[in-house]
Amino acid sequence: MRRQGLLLLAAWLGSFWLFAQQSGWKHALSYVASKNQTPIFERNTLWELVWQHLNLCLFSMLLVMIIGLPLALFVTRSYGKPFLGLVSNTVNIGQIFPPTAVLFLFLPIFGFGPTAAIIALFIYGLLPTVRGGLLGLSTIPEDQSNAALGCGMNAWQILWRLEFPQALPSILAGLRTSLILIIATATVAPLVGTGGLGVPIIAGLSTNNVALVLEGALPVALIAVLADMTVRWLEQVLVRWA
Amino acid sequence: MIKLEHVVKAYGEQEVLKDISFEIAKGELVVLIGPSGCGKSTLLRLINRMIELSGGRILIKDRDTRTLDPVSLRLGIGYVIQSIGLFSHMTIFENVEVVPSLLQQNKKLRRERARELLDMMGLEPAQYGQRYPKELSGGQQQRVGIARAIAADPEIMLMDEPFSAVDPITREQLQDHFLGLKTQIDKTIVFVTHDVDEAVKLGDRICILNQGLVQQIDSPKALLHKPANDFVASFLGEDRELKRLSRIPVTDVMRSGAHPEARTIEKHKSAKDALNRLLAGENSLNVIDDQNSIIGTVNLQDLQG
Amino acid sequence: MMTKRFDPVLLLGAGLGLVASLFPLLLFKANRLVLGDFIGFPDLPVPHAYLMLLAFLALLASAFLPKFRLPIASSLVVISWLLLNWTISLTTRQLLADAPAIARVSFAPGFWLALFALYVACFALSQRWRWAFLLLPVAVLLGSWLGHYELLGPAVEFRSVASEFLPQTLRHLALSLVSLVLAALIGLPLGILAFRQRQFENIILGGAGLLQTLPSIALFGLLLPPLAYLGRSFQLSQVLIILAILILFIGLRWVSSLRFLGNLAVSGTLILALPLFGLWLVSLLSGESATLKSWLNLNSSLADIGLRGIGAAPVLIALTLYALLPIVVNTHLGLRNIPPGTLDAATGMGMNARQRFWRAEFPLALPFMMEGLRTALVLTFGITTVAALVGAGGLGFFILRGVENAAPDLVLLGALPIVLLALVLDSFMRGLSWLLTPKGLRS
């Protein structure tokens, strides 16, 4: 598991090194570009595009965690119980909404620009995380919560020593789904007025320029796969007991 | 130590416990027994306030439990739950150390204590300490559950069918082990079972519950000899005299003297063991002590008295 | 059951409604280039806006009613929605009365918040009365019937694209349904294979999982170069010849020593034939007569029959790949969940392997397979939204055009039907899988 972690770290560092090789990309992509087309996106370097993309995703993800986990916690406490049905129902219906459609639903409300994109990414990313949190926190084995109570744990100790660790696998699975969805949906977000790796893809698709499309598609695919593997690795490390 | 006064517990309309009063002395082991669903677990959970009383009161060391903070009350009472309930995300060590860690005891000391307890329960700490519960058998898990309840050295222990999830042979081993343990640790214990043999074997006194009422509470011998009513008699079974013999040491029924040519039986065996061998064809048995010297003799007539 | 002192969820709904009616309800734009003015409470026509506010206040109060809470609150939900509509249509008419023809009035955040508020309120009521969730659609329909929605932005935009609306919707459905069919044809056998042959389990499940992490337009992009190359370089006749040879080779499956080659030929045939079949089906369903005609001409290139770097081909392939994961995983899960005793019993009764599969395994795993197909359909239907980016059409077409023309109302015209249709398809598939579940297993 340690070795897997080191490999992942190396893969991340390697990818970032790769993203920094602007002239290398230009050279490589010029093989697929047709003669009179630019082989590489010129307004931003690839490095900048990657950072824009990651910023967008990580900021929305941060919001998802800050709002989503406390929300799941709130509705599974005794004082939040009345709202449990509402939240789980909304989350279940919301998951049927296609993420890209949601992205564009927020466009008329917040107008073009990063705000609409971040809010849409955040709201859609919220769904899997809240769902995972609800699932984990509401399926604590009854014998264990009885034992915790019988041991003399107070509500706070039960939360930290029993419920949170027991819910961790579902929470992490939810976060992973959210992250992957956000990374993928953020690729379409340039249509709503943001930067990121979707910019060259969309530009390339509309001008029939394969090189530009690949300049965006390859890095974003790499980032998505690495992010997925990283969270999976985290799940293994943190949940040794399952 | 524990005093129940007119305890009532109702779930909605249904009165599970109607009027329960008895007292448990310090260092005593009282067994609660009765048919499934008669409210044994409910009574235990009333004592450590996992659930609240509907009427009456419970005193622990002469203080009404309702005036005590439930969390600190439970910290001082060891509780072995019916379904074991080991924390599946914690190692065996961490499970045993839960209550000491809640009491913020020193880390080294509590690991030391956990090792000691696992050893006492017959689990090799070096081998099992770092495992997770799912890597243990049912019987091993029950032992860890007991170790967890004793870990902070509570004065009172509530044990809800602690030996239920194992086969008869392991169960017997655990019971023997527990009897040995009981002499080492001086605790007031409320023990729930629905196995009459187990009750007779372990209890200082047995309390028979049915229909929300105490049917009889007495020492095993007295209970088996003089059941208070038909329910108790039929609950204890037709073979209750046999069961009674199992609580009588063979030294209590032997005569002085020795029988030539008779085989021998160790002095810590029960009268029931002696009866078994006599029925198998021996005329009489000589009782021997640890040094193998004969201290008495027993035959079938002796057992009828 | 006793009525609780107050209903916190209803309270939340009514509270959100109050907040919503104080937020801007509409956005007025004199033309497409200006930012536009938000029209909120102070600018609304006088008695109506106050009545609307009053209705939401009454709804708030009704959360505390000890008696008749349900009927009163239910009527208040409908009433407040109708008042909101009345206010909106009056305001719209006033705004547009002396404005140029290109002026637009669209919904602003307050409107959407009010819609959400009523959803919350309806949810609260549906806890006590099962049909309360119908209140919302009833109110919305009543509102649009009574109000003057035809003046609002989305309606105006709809009229300008009305002739394209149905074809694009059908195109959207065709793309997602055809890829679902392709994914089912590949995914169901793969799921069974993953269950039967342990050595493939990890490869199949892991591979399908990996595909799912790739962002959809990235996958479109990655498919673009190879598909463009194939379309340009091959002719229909060549492909048909290869197919014919492969089909001949399938016979090798019955020669035991060459079985592997035979299986390879089967996979090759499927890999080649399925996408072509999908392409044909899509052009058939969306009525592209020119493309359909090229099928009859053996000399037409693959590009002529639709296999290009852009258009339906990359979308079909990408969607099929995405839809594989839920189908494979659920099929595998369904088969694994069958109690071993059931299968032993089936064998004991004297069924052979084939009978056992069709009479025991398949019906028992069917609910899971249907769950996989449902998830897959919702997924493909959603991803088809970005198909317009590679020129494959679908409802995303309106979104894209709205984005290009900076017309949010047009975007809405694409996004809203997608969401609604996704909900409809989801309930349809749920109903279907309920019908297909063996009676004894229904919950």
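Labels A, B and C are assigned to the chains in the order they are written; within every chain, residues are numbered from 1.
Here is the rule we use: a residue touches a chain if its C-beta (ideal position, glycine included) is under 8 Å from a C-beta of that chain, and two chains touch if they have at least 3 such contacts.
None of the values given here were measured: they were computed from a predicted structure.
Trainee: Which of line, ring, star, complete and other names the graph you get from chains that touch?
Mentor: Looks like a simple chain-to-chain line, open at both ends.
Trainee: Could you tell me which chain's Cα centre is nearest to the average position of every protein Cα atom shown?
Mentor: A
Trainee: What pair of chains is linked by the largest number of C-beta pairs in contact?
Mentor: Chains joined by the most C-beta contact pairs: A-C.
Trainee: Distance-wise, how many Å sit between the C-alpha centres of chain B and chain C, to the nearest whole number?
Mentor: Spacing between the chain centres: roughly 61 Å.
Trainee: State, to the nearest whole Å, the distance from the C-alpha centre of chain A to the C-alpha centre of chain B.
Mentor: 54
Trainee: Determine the centre-to-centre distance between chain A and chain C, using the mean Cα coordinates as centres, and give it in whole Å.
Mentor: Each chain's C-alpha centroid was found; their separation is 21 Å.
Trainee: Spell out the residues on chain C that touch chain A in their complex, using ranges where they run on.
Mentor: 7-9, 12, 106-109, 112, 119-120, 123-124, 127, 210, 212-222, 224-225, 228, 309-310, 378, 381-383, 385-386, 389-390, 396, 399-400, 403, 406, 408-409, 411-412, 414-416, 418-419, 422-423, 426
Trainee: Show me the residue ranges of chain A that touch chain B in the complex, using the header's touch definition.
Mentor: 141, 143-144, 146-154, 157, 161-162, 165-166, 168, 239-242
Trainee: In their complex, what parts of chain B are in touch with chain A?
Mentor: It is residues 48, 50, 71-77, 79, 81, 83-90, 98-99, 102, 132, 134, 148, 158 of chain B that touch chain A.
Trainee: How about chain A: which of its residues touch chain C in the complex?
Mentor: These residues of chain A touch chain C: 32, 82-83, 85-86, 89-90, 93, 96-102, 104-105, 107-112, 180, 183-185, 187-188, 191-192, 198, 201-202, 204-206, 208, 210, 213-214, 216-218, 220-221, 224-225, 227-228.
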